[in-house]
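Shared between the two complexes below is chain A, which has chain B as its partner in the first and chain C in the second.
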Partner chain A sequence: MTRALLCLMIIGCKGTIIGEVKPLDESTVPTPGEVTLPVGPTYSAAKCEGVAALRTYHSLTGDALGADRANLAATLDTRRPRSWETVQSYGQDLNRQLGYYLATDGALDLATVPVRPMYWAADAQLGALELYSHFRVGYIVCGRMLAEPNGSAVFMSPELASAPTEASASKVCHDMMRQFWKEEPTTEQVSDCAAFAIDEANVAATTTERWALVCAALISSTGSTTQ
Partner chain B sequence: MRGVAVLLLLPSLALAQSLANATPEQLKARRCWEKTALALTGTSEPGAFGRDDAGFPPLFQPELVPLYFGDAIYQPRFSNRFAGFVSSKWQREQSTEKAQNVPFLIVQYVVGRGLPWKKVFLGGYDVDFTENRGTVFESPTGLGYFRVLEWRRQYAGNEVAGYKLSTAYRMLNNTLGIRLTAAANNTLGDASAVGRAAAGCTGCHFNGSYPLDLIARVLERRQGFGDKMTFVPATDGPQMLWGQQVASDEELLKLLVGSEAFTFNSCRLAFEFLYGRPESACEAPVFDACVAALERDGTIQAALMGMIQHPDYCQ
Partner chain C sequence: MTNLSRRMLLRGAAVLAGASALPARAALPVRKALALVFLPGGFGALHCTPQSLGGTFGTTADSMTPTGTGLFVDKATFGGFSSAVLRQMAVVGVDHGLTAHSVAVSSMFTGSSSYPLALAAAMQSEGALRCALFGDMPSSAAFSSVAGASLALVRDVQPAIDIMVGSTRAGEPPRGAMARGLRLSYTLSKSMIERNPRTLAGNATGYDTLIGALEKPVRLLDWREIATRYGLDPSSTVVSSNASRFAAAELAIRGGTPVVIVPPVAGISCGEAGWDTHGDESGACVRTMFGAQLSPHLGRFLESTLAMQDTQVTTVVFGEFSRDPYLSDHARCLSAAVFGPTVKPGSTGAAFNRDGKLAMPDGTPGILQFWALLAELAGVTSKPFGANPHRLVAG
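What follows is the complex of A and B.
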């Protein structure tokens, strides 16, 4: 499961697999002035164009308010972490994402799940523990869903009855990504997910566990843990 | 009328569960429905909206927004969440003690009853902390949360002569969103009014746009610390603030809350609650819709609905 957790980062992001890490050859470390640092791609956020504020606002001293607004395109990614409440109630929230309802899921061990502080509501911080909790509970709920005949209104496809193949994994990955992320995945993302299902998730003993790993990896990915 | 609308919607809701065949527009709409639901109530569970059907309409249609969220924003789940958000913006630090969360209690009371947002700052309220109840009640001598004893003590500050600089700052920050960074001391090593009038300090304390010392002079003064802290009336007389003579905390707050900057800051608060970040330049039309709704109806619910129902909201 730990291995799968590491792999979910790959699926959720770009698909770059880190290869063997070689020790640094200190004898070849360049001295200052001998090396020209490579110039990477220049990232610039898209600007806001063609939208003008209908109103202007002023402070008590007459200064214009809103000058600190970021000049970014409205289409820029605006995802934010799902709320503390959903982090607190993984079972119900995952059930909802999966289209699967099982009363006993409310009894999941959520001891490591963070709780929103009283009298305070800032966005949840998704650290390693929270991410692992997402994965762990996701794995349990996905496993129950897959073990239940006709358990889900969303994912009970024939492909899930047998071990993943390239074709079945691509289809299941594609469908799950759309369901969890509410976005069309790229070909590369689907391909990475399928590779994970075939190559990495085969550590699981059963077909159900294998698909549960795929499902949990996706439900713990950025597209699912943010809204 | 609403019942008819619900019945008409049910067939499309039933189909909205699986997104396997949803169009990009439908995927985007679903994300927007859920994002809004999670922002307002902290959950995407339909039960949170008083509905027992399983999903949202396939497209995000502003005219359907009241049907889904119109009741939810008057439920305790919403007022609790909004009050918590406001607390995270206004409070110096987290506390699980009710007496250290007076703004939370007042905001929850005002928003939970659908009262005008300004009442958080100007309404006649006090809080009963007997046996840690934290019950808000109407009080003719109240002034939002600013005259609740526990809050007065919490933000009285430690100025040597008892001027409530900390209170002055909280009033500016909570109403207008003004942010000033406190310096532990100045180069003279003199934290008294004389030191605060020195170059480098006077901009925040006497001569700037928001002079803390002048504001503090219209407020009561602190005597003593901790449980023995008491307050005495201001004795410095009216102060000239933003072109007006201000003689009391009530006059000060009426001036602040009556300003355009207050409405601007209230909508920035509402926008950030909804989006998780301040508005960008491109989102100015949505922001303006918030201001228009707040000016028209006065409630934070109207401000939020004004944004959610704006055509650009889900863009």
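What follows is the complex of A and C.
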């Protein structure tokens, strides 16, 4: 909130700042091209209502610079893909997320893909290649951890020793999401995850593999791959 | 991952052995693909339209060779390509009036959105990678994701092989289960993607294309064969040399990628760094550089892609501008070479010398029209760049 206030003060906005007081009123926000507005019930938005008072600048040819600038809500685009430097050092990264140090397993070569952006200012991508690798690394590493009887992973729990049931899947899903994402999942997210865990389509896999699939799905989700 | 496992090689061989059981190639639908071979710094007109340069850049009757379609190419660079390749070449002109690298690169690749990505999205491919880049592009070429296409920077083809061909290494996630797991991952990520429409713009496309690819049968691809053909160590999958860039681009096209971008490195320099060949008035230095660093690999790539039966591949070789006859400075226009099975041999870019400056015939179209031609060659009918004024499309 403080940061949002500071930003709006810097750009010279004279409007009223409204934050965490009322939910975003989409009808008052100019359509910002194809940008989708936020919808989560837990998000409110600080916004500037004094747009007309903003100072405008013109180019040498008289065009109003910033005329096409979208009045976006402050809650948009606050997450970015985890940086290459972070993901590249997978040992430390997974250590944070899983409580497991990949380097101790001699498995650092698994983390082959995190592709370094062309330029320092560019964000890492989360395209097909990266998603594939996140899932793959998550599956392999989680599988190894789950196969260890005395695994030290922070999400290890007695439920992981048996095939998932509706109850155990809900608990494990919640705990894993909370651990990986560092935020509380919604009831619906826990339910979706649990449904996947007990899905008959995965019944042929071993117990370890079934939990590893759940783990990998969560490791490759945006709650884990962005910051 | 730089080494292919023995098991994977055996699987690749088994897959190839099974190819004879497939329907005849003619029964397969013909896909379209576009290869952008971009030379950051500039691409001289001497390579593809030497006959109009009036003796500048060391062009003489002996320095050029006819294509058999009324065009001429530089003997030392394009002259090594087979007659089959040269017969499918045209020269396209772009008169953009820009001489600064960053502005010209930015304008050539980006308007209201990224031109290559917009084109890739319009091509509606089923490939896991919609637009793959094999090397570094100048930072002024922005590649912000668009709906349906994001840029995949490929430094190692192993993951792409895994996605397209399938991995059989021990301990890997099963393909079908991975697709289902990624569906869950996508479901859990959707609200965050919606709240971050710009910073996570490519994430939704990544999920869609990857899940789609994993749910389809594996493709018949043989990296060992491709790598060997380009003179590479087939056990290595790293993309670091010009040969590996072109080999990887061919692999991606065979795997269904509609747009590939190959920015070859120059290796040595003529004046400034890379393809920015200042002071090379005779063209001798760039001929040497192009011949050594690019011609062999580009030639193999063209030979192979033009011979594909199931994919019509158009390849365009260009820079942000060509070079001026005076001191080989930055020109205000460019001549690009276009190759493809649907290319109608001819030229709309016969550059000439006007008082030391490179010039185009009056009425030569600009950048959007260049992309309009490429869109038509790529089979896109929605005209995302407007009408194509270049009469260089066969049929």
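Quick note on the criterion: the second predicted complex is superposed on the first by the 124 of 227 C-alpha atoms of A that agree within 3 Å, B and C clash if a C-alpha of one lies under 4 Å from a C-alpha of the other, contacts with A are read in each partner's own complex, and residues count from 1 in each chain.
We adopt the following convention: contacts are C-beta pairs under 8 Å (C-beta built on N, C-alpha and C of every residue); 3 or more make two chains touch, one makes a residue touch a chain.
As the structure is a prediction and not an experimental result, all values here were calculated from the model.
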* Go through the superposed model and pick first if A:178 touches only chain B, second if only chain C, both, or neither. => first
* To do: Answer with first, second, both or neither: which of chain B and chain C does A:130 touch in the superposed model?
  => second
* Would you sort A:220 into first (chain B), second (chain C), both or neither based on which partner it touches? => second
* Does chain B (first) or chain C (second) touch A:82, or do both, or does neither? -> first
* Between chain B (first) and chain C (second), which does A:139 come into contact with in this model arrangement: first, second, both, or neither? -> second
* Asked: For A:60, is the partner it touches chain B (first), chain C (second), both, or none of the two (neither)?
  -> first
* On chain A, what residues does chain B touch that chain C touches as well? -> 75-76, 78, 80, 116-119, 121-123
* Okay, in this complex, where on chain A does chain C touch? -> 34-36, 38-40, 43, 75-81, 109, 112-113, 115-119, 121-123, 125-133, 135-136, 139-140, 143, 177, 185, 189, 192-193, 196, 199, 201-202, 205, 209, 212-214, 216-218, 220-223, 226
* To do: Enumerate the contact residues on chain C facing chain A in the complex.
  => 1, 128-129, 136-137, 139, 147, 150-156, 158-160, 162-163, 171-174, 176-178, 180-182, 184-185, 187-189, 191-200, 202-203, 205-207, 209-210, 213
* Asked: Across the complex, what residues on chain B touch chain A?
  -> 17-20, 22, 24, 27-28, 30-31, 34-35, 38-39, 41-45, 81-85, 87-88, 91, 94-96, 98, 101, 104, 176, 209, 242, 255-256, 259-261, 263-264, 275-285, 287-288, 291, 312, 315
* Asked: Which part of chain A faces chain B closely enough to touch in the complex?
  -> 48, 51-55, 57-61, 63, 65-66, 68-76, 78, 80, 82-86, 89, 92-93, 96, 99, 116-123, 153-154, 175, 178-179, 182-184, 227
